[in-house]
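All chains are identified by letter, namely A, B, C and D, in their written order; residue positions are counted from 1 within each chain.
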Amino acid sequence: MTDWRPPLVLVGAWLGLLALLALTVTLAYVPLGAGNAVVSLAIGTIKAALVAAIFMELRHRGGLTLVFAGAGLFWLGILLWLGSMDFLTRT
Amino acid sequence: MWVFIATEVLLFGGLILAYFVYRHAFPQGFAEGSRHTEIVIGTANTAVLLTSSFLVAWAVEIFSPATTRIVTWLLVGAACLGLVFIALKGIEYSREYDEHLVPGIDFQFAGPLANGVQLFFIFYFIATAIHALHMLIGICLLVTLATICRRAPTTRHHTALHSAALYWHFVDVVWIFLFALIYLPGRSS
Amino acid sequence: MSETNYLTTDYTLRSWFLTTDHKRIAILYFASLIFFFFIGGAAATAMRIELATPQADLVSSDAYNRLFTMHGIIMVWFFLIPSIPNTLGNFIVPLMIGARDLAFPRLNLMSWYIFMLGGSTTLFAIFAGGIDTGWTFYTPFSTLYSNSYVIVAAAGVFIAGFSSILTGLNFIVTIHRLRAPGLTWYRLPLFLWSLYATSVILVLATPVLAITLLLMATERFFGVGIFDPRIGGDPLLFQHLFWFYSHPAVYIMILPGMGVINELVSCFSRKQVFGYKFVAWCSLAIAAVGFLVWGHHMFVSGQSLVASLVFSFMSFIVAVPSAIKVFNWTATLHKGSIHFDAPMLYALAFIGLFTIGGLTGLFLACLAFDVHATDTYFVVAHFHYIMVGGMVTAYFGGLHYWWPKITGRLYSEYWARTAAVLIFFGFNLTFFPQFILGAEGMPRRYHVYPPEFQVWNVLSSGGAAILAVAYLMPLFYLGYSAFFGKRAPANPWDAPGLEWQTSSPPPEFNFTTQPLVTRAPYQYNEAFEAKPQNA
Amino acid sequence: MWRQWIPFWQPGLSPHSGDVDLLFAGLLIASALVLALLFFLVALFCARYRAGNPADRSHRVKKSWHWEVSWTSASFVCFLGLFVWGASVYFQIYRTPADEHDIFVVAKQWMWKTQHPGGQSEIDALHIPVGRPVRLVMASQDVIHSFFIPALRLKHDVVPGRYQALEIEVDKPGHYHLFCAEYCGTDHSRMIGEIVAMEPADFSRWLTEQAPSSPLASEGGQLFRELGCSGCHGGRGAIRAPPLDGLYGKPVPLSDGSTVIADDRYIRDSILMPRSQVVASYEPLMPSFEGKVSEEQLLRLVAYIKSLAGHSS
C-alpha cells in the first residue's frame, strides 16, 4: 500500500514553502532599507513559482499551457510596467 | 483552465498596480499601515493555505478508484483548512474593527500619515475580501468534489478535480503575494 | 425541405430559452442586441435633434448628459462588444470549423443569461433615473459628485463583463480543440483568427475593468477615497486602469469586423485573401500591441511626458497592422472577379470608412495635434468612423452574407443594396462634419454650443436622420425575408467555407457527416455567376 | 462669410499654434495622399475586374511577402516621422518656464475663476496682454476639468489635488473662446468663458481699472497669520520651523537625502501633506491643513510665500 503516500517531491515542496515563509518573516524584521521590499517580493515569487511548477504541475505541461500561463503574467507585466511608468516619471 | 487563471491574474493585477502606485506615493504611510496588521495571524494563515494546497496536490497525485477514501479525506481536510483561514481572517477583521481601522465604516487614525494608512487599509480590505471570496468559492468546489469522489470516481472527475486544484493553488499563489505586500513592509523599522 | 433543421426541431418557448444549441443562442443574442441597438440609437437620435440648434430646446442639461451616457454604455457594452462575436461568431464558429457545437454549450447559454442580467440591471439604472457620468465613469465625478445610479450601472457592466470573459474562453477552447480533421491553423478562415485574437483580449482585459469598477463602486458606496484626491488618491490611476481595458475593448469591437471583411472581400472577388498569413498574424499583433497604447487617451490629463511619449509611439505602431490589412484587402481585389452583391457593398463601405477612421486615428496619436483635438468632436467623429462606419457596417455585411445560412431564406437584393448605399451616405453626412467641428474646437459632450458651430451641427443632424432611416430598413426587409423570403440553397454564394457545406439552415448538430478538410481556405471557383434574386 | 467655415482658415494665434497648424496640414496632406491612392485603386479594381468584364486575370500576384514587407516598412517609416514631429511640438507646447506673469485659475463646477497677482479676479473670463508668455497655475476644487482655448490649439486637464502649470501666449488682440473640455457634470457645456487678449498698454490700464482689491500676496499674508502659520514659521516661536524667506524657487534638502525645488506644487503639498517631504534637520511636527483651507486660500498662501522669495533670510 504505497500508492496513497504523497510523492516525495510534493512533501519537499511543502516543507520548502514553509521554510521560505519562515525565512521571509524573519528577514522582514532585519533592516535592509529598500532591500526589504525586494527580498519579500523575491521570496514571494520563488514561492509562487514552486506552487506553480510542482503543485500546479506546470513542469509537466506542454507548450500551450505554458503560453497561456505566460500570457497572463506577460500582460500583468505590461499593466504594471506601463501603469507605473507614468507615476515614476512624473515631475 | 489556464486561460481562466490568466483572467484572474489580471483581476488581481489591477489591484496590485493600485497598491504599487500608492506605495510609491506614500512609502511611510504604507509601512505604518503594515505595522498595524496582525502578522501572527497572517503568517499562520499563509502556513494554513500552503498546507491546504499541499493536501490538494497530494489528492490529485494519488487519485484512482482504489484511493477514493483517502482522496475524499484529503479534500475535506483541505476544505477545513480553508475554513480555518476564513475564521482567522474574521478574527483579524474584528480586531481591526476594534482598532478603528476600517475605512468607510469606522476609521480613526491620528497622525501625519493618516492618508497613506487609510489608502493602505482600503487596499487591504478590498484585496483580502476579494481573496476571501475566492476562498469561499474554492471551499465549495472542494466539498462538492469530495462528495462526488466518495460516490463514484471516474476519469471525468479527475479532470474536474484537476481544474479545481489549479484554482485552489492559484488562490494560494495570490495569497503568497498579498502576504508579502500587506504584512511584511515596515517591519524592520 | 422535408428534413428538420435547428429552427424546426422544436417550437416550444422552453426549447429556445433552455437551448444549448449555439445557433439558437446566437439568435437569442441577436434579438437582444437589436433591442439594445435601437435603445442606444434612440438616445443618439434625441441628441442629434437637440444639437440641431445651439440653445437647449428639447431636453435639459441633465437629461442630455443622461442621454449620451446611456448611448455610450448601451452601445459599447451591450451592442458593439457582443455584436459580431456573440451573434455571427456564435453561429458561424462551430460551422466554420466543422464542429457540432462550441466547446462548452451550457456555458454559452449561461453567458447569455449573464449578459441579459447585466443588460437589465443597466436598463434599470437608466430608466430609474439615469446615469450622468459618461460611459467612462471618470472619478472623482462618478464617485463623489454624481447624483445618479452609478453603482447600479457599474454593476450591470460588471456582470456583462463576466459574459464577455466566458464567451472569450469558450471561443479559445473551441478553436483549439474542436477543429475538423485536416483543419490546420493556416487553413482556418481569417474570421476565426480575428475572433481568436478578440477572445484573447476579452479574457485578458475584462478582469481589469471588473476590478476598476469594483474599486469605483466601493469608493462611492463606502465613501472611502481610493481615487479621492483629498486623501492623496489619484484620479489618474482610475483612468489608467479604465483605459487598460477600454482601449483594447476598441479592438474587441473592430477585430471581428475586420474578420468579416476578409470573408466578404474574398468571396465576392472570387479570390484568396492576399497575404493570408500576414493578415492572420496582424490580428494577433493588433491584439497584443493594442494593450500597450491606452495612455493615448490621457495626453492632456497630466500624466508624465515620458509616458505620453511611449504611448504615442505605441499608438503609431498599432496602426501598422491595421494599415497592412487595408492594403491586403485592396490587393485582394486585384485581378479578382468582383460581384457587387449587398454584402460586398458593405465591405467596400467598410474599407473606405475604416481607412478614414484609421487615418484620423493617426492625427490623434500625434501628440501635439491631440492636445488640440482630444475631447472635441474630432475624437467623436474618429471613433464613430471606426465603430459605426467600421464595425456596424461589417456587422451588417456579415449579417447579409450569412443571412441565408441563418434563416434559410433569401432577402431582397434590391432593398439590401439601397440600404447599403443609404447607410454609406447617411453616415458620412452625419460624421464628416464632426471632424470639422472638432478641428474648429467644439468640445464633446456639450449640450449647448456657441452659434458659429451650428452649420456643421445641422448637417450632422440631417445626416443622422438619413442614417436612422437606413438602419431601420434592414429591420423590415430582413424581417420580411425571414418569414416570406425565397428558400435559400445550401450555398447561395458558391463559397468553399465549411459553413456552406451543410444545408441552410443547418440541422441541429450542424453536419450529418464529419467534414474533412484538405485545402487551404478561400479556394473559389471563378465561374460563379450572380444567382437570380428578385424575392 | 463662407470662408470662416473652412477649418483652420484662420491660423492659430500663438507661436506654438502655428506649429500645430503646420503639423495638421502635414497630416492632412499625408492622409489625403493615402486616401486618394487607396480609393483610386479600389475604384480601378472594382471597375476593371468586375464580374463579367473580360479583363486579363492571368499572372496573378502569388508571392505576397515582398509586397507585405514593403508596405509594412513604408507605413512604419511614415508613422515614425509623424511621431517625432508630433512629439517635438508637444514638448514645446507643454514647456512651462518659471518666472513669468503668474495667473491663478481655479476651476469648479461650473465656472472658471481667475485671479491676477494684483488681486484682480474674474469669473469665466481672463484678460491677458498679447505678445508675452503668461504662466497659468491651475487647480480644481471638485472634479476634473479641462482648460481649452481652441484658438491657441491648447488644452490641459485640471485634476483636483494638484497644481497644473500651463503657459499661454497670444499674438493678436481679440476675444477667444475658453471651453471646459473634460466632462464635469450638469452644466459642463456652460462652463465656458472668454480670453480677452489686449495690447500691453490697454492691459495695464485694465488692471488698474479693476476694483482695487488687495493683492493676492497680502491677503495670503493675512491668512498666514490667521491660520497660525507665523507662530512657527515666523522664527520667534518656541517651535522651530523652516524659515520661508527666500525659499521660493530654491532647492530644498529633504530628510530622506533628496532635494526638491520649492515650486508651487511643493509649497501646496507641504501645506496639505506636511510630513511627506520633511526638510532636512527639522522635526516632522507640522499638522496637515487638508480640508481646512480652500483652493483659493491655498493660492493666496502660495502667492504670499512666493512674495517672500525676494527677501533674503
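Note that in this section contacts are C-beta pairs under 8 Å (C-beta built on N, C-alpha and C of every residue); 3 or more make two chains touch, one makes a residue touch a chain.
This is a predicted model, so every value here is computed, not measured.
Peer 1: Kindly indicate the chain pair that has more C-beta pairs in contact than all others.
Peer 2: The largest set of C-beta contacts joins the chains C-D.
Peer 1: In whole angstrom, how far does the Cα centroid of chain C sit from the Cα centroid of chain D?
Peer 2: The mean C-alpha positions of chain C and chain D differ by 35 Å.
Peer 1: Counting in whole Å, what is the centre-to-centre distance of chain B and chain D, each centre being its mean C-alpha position?
Peer 2: Distance between chain centres: 44 Å.
Peer 1: Quick one: report the Å distance separating chain A from chain B, using the average Cα coordinate of each chain.
Peer 2: Computed from C-alpha means, the inter-chain centre distance equals 14 Å.
Peer 1: Got the chain A residues that touch at least 2 other chains?
Peer 2: 71-72, 75, 79, 83, 87-88
Peer 1: Please list all residues of chain C that touch 2 or more other chains.
Peer 2: 204, 208, 231-234, 236-237, 240-241, 244, 305
Peer 1: Out of chain B, which residues touch more than one other chain, so two or more?
Peer 2: Correct list: 3, 6-8, 10, 13-14, 17, 21, 25-26, 114-115.
Peer 1: Taking all chains into account, which pairs touch?
Peer 2: Result of the pairwise touch check is A-B, A-C, B-C, B-D, C-D.
Peer 1: Please name which positions on chain D make contact with chain C in the complex.
Peer 2: These residues of chain D touch chain C: 4-5, 7-8, 19-20, 23-24, 27, 31, 34-35, 38-39, 41-42, 45-46, 49-52, 55-57, 60-61, 64-65, 67-68, 71-72, 75-76, 79-80, 82-83, 85-91, 93-94, 109, 142-144, 146, 148, 150-151, 153-157, 159-162, 164, 177, 179-190, 192, 273, 290-291.
Peer 1: Name, in rising order, each residue of chain B that touches chain A in their complex.
Peer 2: Those in contact with chain A are residues 2-3, 5-10, 13-14, 16-17, 20-21, 24-25, 39, 43, 46-47, 50-51, 53-54, 56-58, 60-62, 64, 66-67, 70, 165-166, 169-170, 172-173, 176-177, 179-181, 183-185, 187-189.
Peer 1: Could you list, by residue number, the parts of chain A that touch chain C in their complex?
Peer 2: My answer: residues 64, 71-72, 75, 78-79, 82-83, 85-91.
Peer 1: Can you name the residues of chain B that touch chain C in the complex?
Peer 2: My answer: residues 3-4, 6-8, 10-15, 17-18, 21-22, 25-26, 103-105, 107, 114-116, 118-119, 122, 126, 130.
Peer 1: In the complex formed with chain B, which residues of chain C make contact?
Peer 2: Counting only chain C, the residues touching chain B are 165, 169, 172-173, 203-208, 210-212, 214-215, 218, 221-226, 231-234, 237, 240-241, 244.
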